[in-house]
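Next come two complexes, and both contain subunit A; in the first it sits with subunit B, in the second with subunit C.
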Partner chain A sequence: MRICIIGFGSVGQGVAQVFNMKRDRIKQDYDLDLQLVAVADSKGAVISEEGINPALLLETKQNTGRVSDYPEYGVNGVTGMDLLDTVEYDCLVEVTPTNICDGEPARSHMLKAMNTGRNVVTSNKGPLALGFTELRDTAQDNNVMFKYEASVGGAMPIINFAQETLSGCEIESIYGILNGTTNYILSRMAKEGSSYNQTLNEAQEMNIAETNPTQDVEGEDAACKVVILANSIMNMNVTYNDVMVKGISQITPESIQLAKKEGYLIKLIGEVSHDSLEVSPRLVNEGSPFAVEGTLNVATLKTDLADDVTVVGKGAGSIETASAILSDIISISKSMI
Partner chain B sequence: MRLKLVLELLDVPGQLLDALNPIGRLGANIVAVIHQRDVKTERGTIPVQITIEGDEETLNKVLKMLETKGIQIIQVDGILRKEKITTILIGNIIDQDVKDTVNILNQLDGVRVADLDLKMSDHPEHSASKIIIEADYGRKKLVTSKIKEIGSNKGFLVINEV
Partner chain C sequence: MRICIIGFGSVGQGVAQVFNMKRDRIKQDYDLDLQLVAVADSKGAVISEEGINPALLLETKQNTGRVSDYPEYGVNGVTGMDLLDTVEYDCLVEVTPTNICDGEPARSHMLKAMNTGRNVVTSNKGPLALGFTELRDTAQDNNVMFKYEASVGGAMPIINFAQETLSGCEIESIYGILNGTTNYILSRMAKEGSSYNQTLNEAQEMNIAETNPTQDVEGEDAACKVVILANSIMNMNVTYNDVMVKGISQITPESIQLAKKEGYLIKLIGEVSHDSLEVSPRLVNEGSPFAVEGTLNVATLKTDLADDVTVVGKGAGSIETASAILSDIISISKSMI
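Coming up: the complex of A and B.
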């Protein structure tokens, strides 16, 4: 399968690394040859129909910060859209930054790929949270596959899990910790009794929180995931503005102490149910599946037949997120046979 | 074994049959039904006393079935069933008088504030209060949505149970 990656940051590089690690194994196990034919970052691209060497590309990006410095095949100034016009490929991996204002440039990249008959895999929440229906319908109209497991919970299996493993069950609601950064902050506050600001600073020093932490701490990132789950698993037709969002920046050590006295922890919980779409700090029992620490993500799906099913996993990380992208690519290749 | 339940039914035709029919289907015997249509609760519902018989597993199934059908069981063997609801509010507790919040909650039918704990913070506008509420079984949704409403009126951050 000829793959084109747009966006070569943490996740894009993770995908290249995973290709490098697993290419032979995947050829053996699935008779699938993963061929990287084009990669773009914000400054340029590299295009090669014979295939780009992932190890050399990673080295080049690390050394100069540009994929276009790849020997012989690099081209400066080529944009993602240019790439999609010129390259022959089978599947687009869209991993540019999440934009929750208009979903761009990812939205245009994905639509263009679909409209020209290509499959799309993404970890990008923005366009899915703003215009899920448009993307799903465009994929359907063009008879291509659209997979986005990595967009919710990174390596934590949830979308394909609900759609495939739990198929036949009706999913009545989903409750989950869908953001690793806030879970880290709240867990540390509970353990150390430290203030919110102090703990946020610590998380920033450890690169767990971003310099501008708004999307995470104000619940916006989790709200995007709530929308994706509502649309993809619960067949709702909702967008970002339908979610009631409250973040964690007002949580105080005193409130955590009060909760502890009653055997509760405070966690930022995303709720997807037919009654409510909500991201807010909630009380969870200390012994419950939601009592996970660090940057872990967790989600409980309430089903009619299987009762409650809970999944836990790493919500972020370069290789971890790439693992979900790889599994989407493999499942596309299976359906192409 | 026998179990004496008090169910709370709406005053509409068919409600009682709706509750009783599946009990027999699950294999429990209905020993007695006391249904006084003229006795109403404050909420306008009718309490119906039923006695059922069966093995423990069957009786548990019956309780679960009634719950999933949304039928409130308010008493089991003479003991009133209550739910405990915990909530934490963060905000300016002094200005926005928590006592008033407690009063609003106490005015709800079948709801009582059982405990209140306050913790002042260095920043008074971010003080925290914990409220523990005891409510008749099945009132949890109503109580939590009322608390949310109070929170948004008074500018409190509401932390409800999941």
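Coming up: the complex of A and C.
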């Protein structure tokens, strides 16, 4: 399978690392040869029909900050869209930064790939939260696969889990901790009685929260995931603006301690059901699967037959997210046989 | 798909109920027509090429205790093996009671079905814990599918999850609460400071523990599951006797309270790795996914790329277990296209 990666930040580099680590194994186990034929970052690209060496590409990017410095095959100034016009490939891995204003340039990359008969795998929340239906329909119209497990909860594989592993059940609602940064902050506040601002500062120092933490702490990131889960698992047709969103910045140590005395914890919960799309701080029981600490993500699927089924996993991380992308690629290759 | 069910206790009846509830939906969603052509219990069978009505079958069983009293098509004294000689079918659902001495008669049923070119779905731990390799190899030799999600943790779907959803990862070890009865007993002891015997009695009164609780409380049930997970997910070749087993009957309320003071809970843990096959009571952290209460099952897969991924679900229940069987049947039907 000839693969084109657009975006070479943390996730894109994770994908290259995973290809480097697992290419032989994947060939052996799934009879699937992962061939990297083109990679673009914001400054240029590298294109090679014979295949790009992932280790050399990672080294190049680390040394100069540009994939276009890859020996012999680098090209300066080429954009993602240029690449999709030039290269012969089978599957686009779209991992440019999430843009929740208009979903670009990821949206255009994915539509272009689909409209020219290529499969698409992405971790990009923006275009999925804003225009999921357009993307899904375009994939269907062109008879290509569109996979996006990595867009929700990195290494907490919930979408394929619901669609494949639980195929005998209908999913009635989804309830989850969909953001690792806020889970970290709330867990620390519960454990240490510290204030929101103090704990946020600590999380920023540890690179768990970003310098501008708004997307995480105000629930916007979790709301994007609510939209993706609603559209993909529950067959709804909703966008970001349909979600009621309340973040965690107003939560006091006192309210957390009060909850704790009664056997509860406060967590930022995303809820997806036909009656409600919401992100808000809620009480969860101390003995429940939602009592997880640190940056873990967790989601419970309420099903018609199997009652509640819960998945817990790392919500972020370069290699972790890349592993979800790899599983999606393997699933595409199985459907191509 | 023409389906033959052998065994019509709690799980078999759950399967009939699920067929009754979901047949139309499954037809619509997966273009799969589930046709029940034969069902046997320990006293006889019902056979009909035109299809057995699941609702009428359940009613018959409830009223007289025998599927052979099904109007017109019932046959007294027919055994499961007789059935497999007589009936034309595509998939055997083997759900007779678990026998961990020799795995019979389930083992013979499954081998016969496979050797005559039929797919097999089962919830039966016995033959899988004793002779997994024989069954897997027989299925492979005959080019039929062999699915057994329901044999471990009813509605905690771990096997298909590891093999399909996490296909990009290698599983390095598995660590889980694989028995609901013992989790219930230990959770109650932790919460109420009650003794093991008193709590067991309560659990028996609530039908959570059986009158003879040995298989559960001495860890035998969990050990069977350890074997199934080792063989199916980790590609090992082990049997029941390879597992070190220690149950929960020696645990005192004092040790539980002592653990609690330090932020730990005691749980009966099954561990599967290339170095260790073990069932024993261990300490788990209060803030971890293993702190779940009640009869829940939980299993963590340690992976090479996605770090730890955890699944939590109901370990038992008639409909819950049947839902895992249905998902396996759907997965077989997809591979038949």
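The working rule: the second predicted complex is superposed on the first by the 337 of 337 C-alpha atoms of A that agree within 3 Å, B and C clash if a C-alpha of one lies under 4 Å from a C-alpha of the other, contacts with A are read in each partner's own complex, and residues count from 1 in each chain.
Here is the rule we go by: a residue touches a chain if its C-beta (ideal position, glycine included) is under 8 Å from a C-beta of that chain, and two chains touch if they have at least 3 such contacts.
Everything quoted here is computed from the prediction, not taken from an experiment.
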item	value
Touching partner for A:F161 - first (subunit B), second (subunit C), both, neither	second
Touching partner for A:L111 - first (subunit B), second (subunit C), both, neither	neither
First (subunit B), second (subunit C), both or neither touched by A:T252	first
Touching partner for A:M234 - first (subunit B), second (subunit C), both, neither	neither
Subunit B versus subunit C as contact partner of A:I269, first or second or both or neither	first
Larger contact residue set on subunit A - subunit B or subunit C	C
First, second, both or neither for A:S323, with subunit B first and subunit C second	second
Which superposed partner A:T310 touches (first subunit B, second subunit C, both, neither)	second
Touching partner for A:G287 - first (subunit B), second (subunit C), both, neither	second
Residues of subunit A that lie at the interface with subunit B and also at the interface with subunit C	288
Subunit B to subunit A touching residues, read off their complex	86-88, 90, 117, 119-121, 126-130, 132, 157-162
Subunit C residues within the subunit A interface of the complex	18, 21-22, 25-26, 30, 155-157, 160-161, 164-170, 187, 286-289, 291-294, 296, 298, 303, 305-314, 317, 319-320, 322-327, 329-331
Partner subunit B, residues of subunit A touching it in the complex	175, 246, 250-255, 257-259, 261-262, 264, 266-267, 269, 271, 280-284, 288, 290
